[in-house]
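Shared between the two complexes below is chain A, which pairs with chain B and chain C, respectively.
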Partner chain A sequence: MSGTADAGKQPGHSSRFGRRGFLTSAAVGGATIVGASALGALDADAAFAAPSRSLDPAVTQTTFVEGRIGAIRGSMLHVAGSLGETHRIQVTNATSLWKVRTTTLDAVEVGDGLYARGVEMPDGSIAADAVWVNIVNLYTTIQGIQKDRLHLAHHNRELVAHTVPETAASYAGSALTPDLSRLRIGQPAQVLGAWRPADDSIDVVRVTVGH
Partner chain B sequence: MFTTSAMSAVSASSPLGLLASVLPVPTAGLLAATGAGKLFGRRLRARAARTALPRLTGGNQRATLVLRVTGGAELLLAVALLAAPGRVLPGVGTALLGLGFLVYLGLARRVAPESSCGCTANDTAPITWHSFARAAAVVLGGAAAVAGGRPWWEAAGQDPVPAAAVAVAWAALLAHLSAGPGPGWRIPLRRLRLRLFGNPLGGREQPVPVAASVELLERSLAWETAAPLIRSGLVEHWDEDGWRILHYSGARHDRACACDRRVSVLFAMDAEAHLDHTLGQVIRVSVVDEETGEVLTPEAVPEPRRRLPLAG
Partner chain C sequence: MACSTNALWAGETTWFCCGAAWGPCGSAGGGACGNCRSSAYHGAWPNASQACWDITRPDLCGEGGIARRGCGSVMNVRHQCSGATVCISIADCGPRTKSFCGEALCCGGTCRTNRVLDLTPAAFSAIGSLSSGMLPVVITE
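This part shows the complex of A and B:
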């Protein structure tokens, strides 16, 4: 571990890329694990799963929050919940932020909706572990395919779903692929994406068809 | 009976004269279709029950009768519009029928806003502005027949192209209004465009999306081993030298201070690997203390159990 001892002085003080270099060397030099088995997820889908109690007694119990952002003060998000309650959500360096893609607090705007999971602090605020901004999960039917967007029917309403560089599709249970050319009009599609409050359209991140 | 030669207010060869000659034809088509649907359609009683007619007439039996009589009238008017374009009566009848539809729709909207229109074979769609627009189009078709001019076959013989264009355009409008709300004929058009010009979303095969890497990771033994430490979603990711690095943050209980210490959990995997192309499924896990930068992997990540322990 002599190599990592030198690198260990760097994090928090050097540039982002210096830090990435350090983390890369730590990651590539890490324990190699082979094999595959099914287990629950912590990616964007997890925003829709009920918060589960960790089996690890060392992990503090987590809190789940949902609402619209009313104000952003520094790294504190002031959120109005759907049931009239208010929350203060503290975003830290360790918080994962998702808005179409993994992102930073700069991309978050007042008026955005969010789901957040974190730990309640003694002052009543919530230190967020993970925040998903504007995330939506819809069961739709594809009604139109164009160069930069899909037209989807959702509850008798037409919804415009913009494709983004991250847009990926899964066909009949296969791995996610950036190839969207196998989508067909008339197919039922489950769509994971980010709602755009400005024009009520969505940015589509994942399309699942033939499931 | 009056003939249109006495009543005609428009010159036969003017554009308005052409409209007056041609519009009754698609109108007759619409009336024939909706009339036949009402007169010979199956399950007319069930259809009648879904409309506002039972509440307006005081019973499902009467509502069915009203639907049937209306269907008969529509069929008769359709035949008359086509066969006797010179007569005023079919035109007046059609316009009155259209006005009757408008009054009925207005009443139905007030009495039972959720009820179906009952106007066409599309018997479940609720009353929308489409229904009103179509009834108004029937009035207009009747008015055109009253204004009259040349019989439609003469207009079609003398100005075949404009006559056909007007007839097709009016028929398309009536068909669109009859299709009710929703995409209607747009979907077949979009399908046709895809067939002719191909799928515009082609040519996006590279690279492997991060979501596909995450999907593979979350089904791996590496994830199962490190999951108790992980608290966040994906914090950041980057590619380097063919590796894809996925960075999560987590917490590790430190017995020395009896507290949780923040750690980074890092996974390194082949940037090209995904569920259908696992490339040996080798995933490397590292745990780094956030504050000290110390690599904690050996003590934080237990060696995965490769084999089930055997009894005895």
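This part shows the complex of A and C:
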């Protein structure tokens, strides 16, 4: 089943608060951090995997940023938000980075899009807990199938979706499989992947289809 | 209006983008309510209107009792496994439940079936990782 590994995370209060405090001190003290893994798994779910207060929707509990990277200076990402705002995102050794797969800052490029969550620092920068680079999760229709790519329709646009080593499919709620042979033209498909800014195509990580 | 704890529904949530955005999301627009933004704590509900229901058809997956909740309705969404919560307001119609009947996510011995909610990246990432794509949730209002 899609997402079962993620669904199985258990609450970890001590690691959560330790991680957030760690992120703050990491950002204040600089991005060179030794022994980050001593706090436990550095995955995006761990940081906020605990009950939190329910507030009015206008009140933000965590800081969230989206936009495109305009510059990378050291471990600071300078981001232009889609609504015209700007952000500075501090990546630390404790930051979970995703770009097709879990990765490092070396894989991140100017022009990439991102979503990030983290803790706002006194200087206005964001100490990132997790950064998802170019990630998309699109409702599409399969229009063509080739060995190394899918042709999808998304919002009445054609979208080329390249397969990568991680590409897997889920059929009607079944477990993920690398076998894409049961995909059919005309099927609605939910596609999780990573956008390629250079040619406006995507890399497919997971394609989910129904009956 | 604040979120509350009255049971509304339980199932799976996915995530989607809306409003001004980069990449393929640039064509998404403001959603059925016109004000949806990826960076806001917004969600899409399969019974935001009759026209919406006619598209999503959760009843075809056995989720026929989902109540009508229109634009601006407020809901609390709790990750079934971790307990992490986020308070959202409805800003779009979705997800297309009927296209994915029978999906299930389980943890702690309890499974949640069928996608009954879509969250913006901001809302989804407040309770889980975007790379998971889908989470089991309990929804209250």
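Quick note on the criterion: the second predicted complex is superposed on the first by the 149 of 211 C-alpha atoms of A that agree within 3 Å, B and C clash if a C-alpha of one lies under 4 Å from a C-alpha of the other, contacts with A are read in each partner's own complex, and residues count from 1 in each chain.
One rule holds in what follows: a contact is a pair of C-beta atoms (placed from the backbone, for glycine too) under 8 Å apart; a residue touches a chain by one contact, two chains touch by 3 or more.
Nothing here was measured: the structure is a model prediction, and the numbers come from that model.
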Looking at A:Ile135, would you say it contacts chain B, chain C, both, or neither? Reply first, second, both or neither.
second
Quick check on the superposed pair: does A:His155 touch chain B, chain C, both, or neither? Answer first, second, both or neither.
second
Touching A:Thr163, do we find chain B (first), chain C (second), both, or neither?
first
By the touch definition at the top of the document, which applies to A:Ala94: first (chain B), second (chain C), both, or neither?
first
Contacts of A:His78 with chain B and chain C, given as first, second, both or neither:
neither
Output check: A:Asp200 vs chain B and chain C. Expected answer is one of first, second, both, neither. What do you get?
second
Once chain A of both complexes is superposed, is A:Thr208 in touch with chain B (first), chain C (second), both, or neither?
second
Of the partners chain B and chain C, which touch A:Ala172 in the superposed model: first, second, both, neither?
second
Output the chain A positions appearing in both contact lists, the one against chain B and the one against chain C.
1, 4, 7-11, 43-44, 54-56, 59-60, 62, 96, 98, 130, 132, 205-206
Would you pull the chain C residues touching chain A in the complex into a rising list?
1-5, 14-17, 19-25, 27-28, 37-39, 41, 74, 76, 78-89, 94-96, 99-107, 121-122, 125-136
Under the touch definition given earlier, write down the residues of chain B that touch chain A in their complex.
181-183, 186-187, 190-191, 194, 199-212, 214-216, 218-225, 227-228, 230-238, 240, 243, 245, 247-249, 251-253, 260, 262, 264, 266-268, 274-278, 280-288, 290-295, 297-298, 301, 303-304, 306
What residues of chain A sit close enough to touch chain B in their complex?
1, 4, 7-12, 20, 22-24, 26-44, 46, 54-56, 58-60, 62, 93-96, 98, 101-102, 129-130, 132, 143-147, 151, 153, 156, 158, 163, 166, 168, 174-183, 185-186, 205-206
Tell me, which parts of chain A touch chain C in their complex?
1-11, 43-45, 48-57, 59-62, 64-68, 81-83, 96, 98, 113, 115, 117, 130, 132, 134-139, 154-155, 157, 159, 170, 172-173, 188, 190, 192, 195, 197, 200, 202, 205-206, 208-211
